[in-house]
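Shared between the two complexes below is subunit A, which pairs with subunit B and subunit C, respectively.
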Partner chain A sequence: MGYSNRQEADKTVVEIDEARLDASQATPFRDYMTDLISQGQRDLVLDLSQVDFMDSSGLGAIVGALKELNGDGSIQLAGPQKSVNDLFDLTCMDKIFTIHSSVNDALSGGIQ
Partner chain B sequence: MDVLIVEDARDQLHLLSAIVRKLGHKVHQAMDGLEALSILEAEPEIRIVVSDWMMPNMDGIALCESIRNGRFDRYIYFILLTGQTDHDALVRGLSVGADDFLHKPVDYKELEVRLKGGGRVVALEQSLEQKNMELSQALLTVEKDLESAASTQEALLAQPAVINGVGFEWHFQPSKILGGDMFGYHAVDDEHVMFYQLDVAGHGIPSALFSFALNNLLMDADGRTSMLREELSKPPWYRVLAPHEVVAKLNQRFQASADSMLYFTMIYGVVHTPSGRVTMTHAGHPATFWVRPQTGDIQMLADSGVPVGMMPNMSWETREIQLKPGDRLFMYSDGMTECESPGEEQFGEPRLQELLHESRELPMTEMIEQVWKELCAWRGQSSFDDDMTCLVLEYQGGK
Partner chain C sequence: MSSVLQGQSEDIKPQCITLCIDSQLEDTVLVAMAVRGVCGMTSLTAEEINRVELCVVEVVNNAIEHAYQGRPNETVEVDVMLNPTRSLEIVVRDCGTPMSKPLSADAEMSVPDPTNPETWLSSGRGIPIVERLMDEIRYESCEDGNAFHMIRQLG
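Right after this comes the complex of A and B.
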């Protein structure tokens, strides 16, 4: 459970070890991201492969982190499961984020 | 401090009383457990009891038990008097909730420190009681506020109606915590009826207040101030804005801050009443089901779009469909399809579509009742984690 990060290919890979990114996780997740951003991490890749449910609060938390970067940096989304991908499709998240099928793709610059 | 001494031997009672009084306490006296209980009831100031074990009528153990069974709303510190080697009394006393013990004959110094210890516990209990009371009162205020906010939300909802030959029915089930679902419809002019449904992200007061504000704005039908029309310099002096234009205007007006992330998903649409032509925009909101009873066909209008208020300078698309008399549009919030069964399985879109197919020939009200009944059965309990809304529009041939 929880969040961890590692440096890889000049990017910060944030691993989300939570099955649900919902209202109960929105604040801890945002706090974790705020910490990373205030430490100067700018190019972030979110590994979503463990998340099997995301709601509007979870989505808001991810977009909130992007807003916090204020144009100085990027957040890429990687490895969404089907239900999360459906939410991204419904809300056109590809207009806001680059979405990759896996963390490896994100690190090598591939697009889903 | 007020101390009650319970002792059936008169000489012992007097001796103990004299000592406790000398230590600066106010003394109350009882000769057995029953008398002690009635004194404790009459004198709410008493917070410490020093009681003998063996007594007629009600002994010390039964007295302690009786105090601990919740008949008093204050904590009473209980010191049991026991014989020097009375191991059994100690075990039984502890098991019924005695706080401390004193061996007989009572040592003056020991009694003093035991009473001091009791005083500390009672003071702690008192400050806890005070905090508890303050918390309960604060909670009560919050709950009342939430209730009144929920009834405000309900009062804002448009009533089922037929407007210029377009019928509207709905069901709205607020979650146990206030949510951010809202919807409405009204005539924009003689030929156009607007409808909308929205769901503000998150729960609670911020989401609900935001949905109230949005409702005020969208339900403003006044030609001069309405954000749904644009003034023109030549006849007919205005035009009804296309749905994607209204959504884009809302998006520019309400940009969520990184902290609050109050954004919303929505459907906004306009019915051209003489023709049955509908233009509509989905902004991250679940698909609309287009139910056509004549052909038995149900089509999902699964348009995607960015939610409103998330990012500035986004664009949306307007879809156009042609309704025939009797055609319906079924719109819903995600609370409905994400409604979980006791086994944590979501209700889901396919089940909803199936239900709409089965109930396609029923009148709108009964169609909604049917869906609602199935959802309640699916949920298996009467409280819901999220607001659930469905809004049904039926084209009844214009006016």
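Right after this comes the complex of A and C.
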């Protein structure tokens, strides 16, 4: 359970090994992302495939991390389940993030 | 025959379950799972159940984070009232600080502009999501506490 990361080509893949990215997880997740960004990781791919529920606080944590990059870098999303995709669609945050069907697609540039 | 069936469905008594959790965000999942279980008794699709769960989580979290300002050891009570042929009503009650703004003031979903990071809000989407997904919402506040009503029509 929790978060881990690995380097794939020139990107940092962040694996979220949590079924729920909700208000109770928003702060630890945001702290994890802040640490990565402060270490100089600026092209990030979030592997959301294990997340079956996300609320507005989880979404806010991802948006907060994107803003922390301050335009110097990117956060791409990979493998969201239907309910998570629905949240991005409902909130129009799919306009801000590039969403890929899988990590492999994100690394090779495919879009969902 | 159809009128008999209609009459029978009108006679179905609404069922109600009341859930109580401590005011900590880790416990919201208990309400979420219970509500999913009740939703499974209805005609709601998997996507619709996900959306009801999202709404309940947003309102319960709102009570914990805003009404109780994150204080634990307070109670959030959730009534789930099911009339299987008509509606699902969920009421989230707390005894904390009432919401300061009317629901309508919070209900607008801001649309982010990809070219303007100032519009990428990292909070404030919970109530607009609920407003968008539920058929009816209502907020009441009195001396006994606050109650956030959400109604989803069925069938």
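By definition in this document, the second predicted complex is superposed on the first by the 112 of 112 C-alpha atoms of A that agree within 3 Å, B and C clash if a C-alpha of one lies under 4 Å from a C-alpha of the other, contacts with A are read in each partner's own complex, and residues count from 1 in each chain.
To be clear about the criterion, contacts are C-beta pairs under 8 Å (C-beta built on N, C-alpha and C of every residue); 3 or more make two chains touch, one makes a residue touch a chain.
Worth saying up front: this structure is predicted, and the values here are computed from it rather than measured.
Trainee: After the overlay on subunit A, what do you see for subunit B versus subunit C, clash or fit?
Mentor: Here subunit B and subunit C cannot both sit on subunit A without a clash.
Trainee: If we overlay the two complexes on their shared chain A, which of subunit B and subunit C does A:57 touch? Say first, second, both or neither.
Mentor: Both partners, subunit B and subunit C.
Trainee: Contacts for A:89 in the overlay, against subunit B (first) and subunit C (second): which applies, first, second, both or neither?
Mentor: The answer is first: A:89 touches subunit B but not subunit C.
Trainee: Touch check for A:9: first (subunit B), second (subunit C), both, or neither?
Mentor: Touch partners of A:9: none, neither subunit B nor subunit C.
Trainee: Answer with first, second, both or neither: which of subunit B and subunit C does A:67 touch in the superposed model?
Mentor: The answer is both, since A:67 touches subunit B and subunit C.
Trainee: Considering only the touch criterion stated at the top, classify A:24 as touching first (subunit B), second (subunit C), both, or neither.
Mentor: It touches subunit C, and subunit B stays clear.
Trainee: Which partner, subunit B or subunit C, touches the larger number of subunit A residues?
Mentor: Of the two chains, more subunit A residues are contacted by C.
Trainee: Of the listed stretches 145-153, 235-243, 271-279 or 361-369, mark the one in subunit B with C-alpha atoms clashing against subunit C.
Mentor: Of the candidate stretches of subunit B, subunit C runs into 145-153.
Trainee: Which residues of subunit A are in contact with subunit B in one complex and with subunit C in the other?
Mentor: 23, 55-57, 59-61, 63-64, 67, 90-93, 95-96
Trainee: Once bound in the complex, which stretches of subunit A touch subunit B?
Mentor: Its residues touching subunit B are 23, 26, 55-57, 59-61, 63-65, 67-68, 89-93, 95-96.
Trainee: Under the stated contact criterion, what part of subunit A meets subunit C in this complex?
Mentor: Counting only subunit A, the residues touching subunit C are 20, 22-24, 53, 55-57, 59-61, 63-64, 66-67, 70-71, 82-83, 86-87, 90-93, 95-96.
Trainee: Touching residues of subunit B toward subunit A in the complex: what are they?
Mentor: Going by the criterion above, the answer is residues 199, 201-203, 256-259, 261, 263, 265, 284-286, 302, 304-307, 310-311, 314, 334, 338.
Trainee: Looking at the complex, which residues from subunit C come into contact with subunit A?
Mentor: That would be residues 24-26, 28-29, 32, 46-47, 50-51, 53-54, 57-58, 61, 64-65, 109, 111-112, 114, 117, 120-123, 125-126, 129, 132-133 of subunit C.
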